[in-house]
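Chain lettering (A, B and C) follows the sequence in which the chains are written, and residue indices restart at 1 in each chain.
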Amino acid sequence: MEEQLLDKVMKEVMRRVGSGDAAEAKPAEGKSINDNIPKDLAGVTEFVGIGMGDTLGIVIANLDPAIHKLMDFDTKYRSIGIIGGRVGAGPQLMAADDAVKATNTEVIRVELPRDCKGGAGHGCFIIFGAEDVSDARRAVEVTLDMMPKYFGAVSANDQGHTECQYSARASQCLNKALGAPLGKAFGLILGAPAVIGMLMVDAAVKAADVEVLGYLSPGHGTSLTNEGAILVTGDSGAVRQAVIVGRDVGNTLLSAWGEEAQCLGTPYL
Amino acid sequence: MEEQLLDKVMKEVMRRVGSGDAAEAKPAEGKSINDNIPKDLAGVTEFVGIGMGDTLGIVIANLDPAIHKLMDFDTKYRSIGIIGGRVGAGPQLMAADDAVKATNTEVIRVELPRDCKGGAGHGCFIIFGAEDVSDARRAVEVTLDMMPKYFGAVSANDQGHTECQYSARASQCLNKALGAPLGKAFGLILGAPAVIGMLMVDAAVKAADVEVLGYLSPGHGTSLTNEGAILVTGDSGAVRQAVIVGRDVGNTLLSAWGEEAQCLGTPYL
Amino acid sequence: MEEQLLDKVMKEVMRRVGSGDAAEAKPAEGKSINDNIPKDLAGVTEFVGIGMGDTLGIVIANLDPAIHKLMDFDTKYRSIGIIGGRVGAGPQLMAADDAVKATNTEVIRVELPRDCKGGAGHGCFIIFGAEDVSDARRAVEVTLDMMPKYFGAVSANDQGHTECQYSARASQCLNKALGAPLGKAFGLILGAPAVIGMLMVDAAVKAADVEVLGYLSPGHGTSLTNEGAILVTGDSGAVRQAVIVGRDVGNTLLSAWGEEAQCLGTPYL
């Protein structure tokens, strides 16, 4: 009985309190995160779906002209798709990059709040522009579908997280948001708190011959997050190698507080 | 017994952990949030009271000249009243606007931290200037008294929140902080995460003929919060209509994660 | 049994959820925070140790030249020591100031994220430069060792915190990060939410004849934290007095919500 009660209490606690770190990005095993969406949403035609990281996707077929103008979007994009999440910016940006490859859309706005539900990193707000609403919807669907893959490059415990993403061929989203050269291999090597990122960055650059495109730190290029990171390009094998070396040292360092970092999705590297 | 124990555990958990979102802004039913203030505070004559959203109000009869000068306040305001909260900026700003109407004070400083105790929004820091300390005190009291009303325009669950405020006649605080035209109807339509705000904004503007004064997003006009919002004015009926339409679609969208958004105060619309 | 169960549940809750405020900076009594570091870290030669406030210290003997250049560090500093924490900036800065006094190092970078794990304040990212790796390591060790002392100047409850630090003789770190005059007495008087800081500041300046070097507020000099603070210098007795007066009124005010603020370390004043 004690075990049952403990379980019951924990469910209630997690429901009321939330986890305060990125760990809750993970859905229950064998269940899609879109399984228990309430029926009321049937009336909201703009709703597309939800995904890991408290991510939500919508589509607006015909954005109101006043808002369109205010946000200074290109007039050719009548339809927009929007991805927004509380936890994570990297996974959603990687997924959105896949989405622009797969659809006739462009990422026209990327804004990264300081969020993460009390964790050390960002949330995200990403807008696709499309001439046709079906393209915008498809881009949002593709992005949501890719969440488990790209959260697979994130590991977290109560003290922080690492995120080590790799793309064999960066497209328009990664170019616009992070300065990745179009069509080239791209890597993101990131750790939080920022001190962990620094060691990952140093180890990664020493391990492989990559070109460093830029770095991120609490006061440089982030939205005041507690993250340290580099963005790299170069030969695809070298980029992969740098990403893996950075990830491994970062996860080891994160365990210094006694709790192993847990991968939040399905690792792809 | 199990139920009793569960209840006991939850109380302890909430005490130690805090809620991580705006939900804890709500006091227990039938109890004033000012009921159990410790006696030690009797010695602190500057203390005025507390309110929802971990809001606290104080008054300083005669601000130290060095601080007064450093903060560059108008010398005619010897006395200041201060409202500060961890959760929420909108409710406190709306209430402070009522307070300047009701007293001989002016809002002389508004600063909005990125806070919300792990939630997606702001905290607040609002300063009233007054020539007379009793005016400053009264402004703080009025503001605290109005908290339950204006938190009634906020709904929240673990994923985010909506805030849809309406004023029939904006005064000096809303003018200074948000650019509301003096004496005109004013509406704030806001959702978090920002993706929810975007749908609310679009729906609101399509539903009623209002003038959009400006928009807020993670990278534009907020303190890096995960919020999307517009500020509107126009005919009072139209502003009300826009606010209600925005609120309803926002709350429906928030429920996509399976938990309904709860209103934090007493709704006034 | 009920008590045992409650205890078990709370441990599990705190492990999964984290505390959402600065309170968890405190280690269990009679135990060093460095007692249960996993053996895997033995392979990471850069790891130095951990401390209160989810602080971690590392040393990099020979920072990669590409990163060195990108971060624009003085070339004479081949070795760097890094301190990073999720909770707190003041304690780590005070401790790092002791460390530069005790070693042949200089603080070459201070960046303060908006963090605090859902609390109202900063995290930190502090880098020591050294010509010799043993100096960098020693600076990091000294900093970590001083955490319990300087967290002794921090008190917190679920609503906020106060931090009132005093140095008889500021050195290069406090000079660089906070503008403290070298070799002079220095005080930091800070409260969160910012409204609490304002009363502390006013009380402190009225209580003692100190020179105010500057102030911090959500929109001025902080990383959008919900903090109000002043930095003071002057006669060491006066600075001490100002710090103590500010602290006491701040802690009384923090208790307005019904929970006394707990000191997080070992008070030194």
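What we mean here is this: a residue touches a chain if its C-beta (ideal position, glycine included) is under 8 Å from a C-beta of that chain, and two chains touch if they have at least 3 such contacts.
Given the structure is predicted, the values throughout are model-derived calculations rather than measurements.
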Practice problem: Pick one for the touching-chains graph, please: line, ring, star, complete, other. | Solution: complete
Exercise. Overlay chain A and chain B by their C-alpha atoms and let me know the rotation angle in degrees, rounded to the nearest 5.
Key: 120
Quiz prompt | chain A-chain C separation of Cα centroids, rounded to whole Å | solution = 30
Exercise. Among the residues of chain A, pick out those that touch two or more other chains and give their numbers.
Key: 5, 9, 13, 17-20, 114, 118, 224
Quiz item: Which of the residues in chain A end up touching chain C in this complex?
Solution: 2, 5-6, 9-10, 13-14, 17-21, 23, 114, 118, 120, 158-160, 193-196, 198-199, 201-202, 205-206, 212, 214-215, 217-220, 222, 224-228, 230, 249, 252-253, 255-259
Self-check item: chain A - residues contacting chain B, complex
Solution: 5, 8-9, 12-13, 15-20, 36-38, 40-41, 43-44, 46-47, 50, 54, 56-58, 60, 63-64, 66-67, 70-71, 82-86, 111-115, 117-118, 123, 125, 127, 223-224
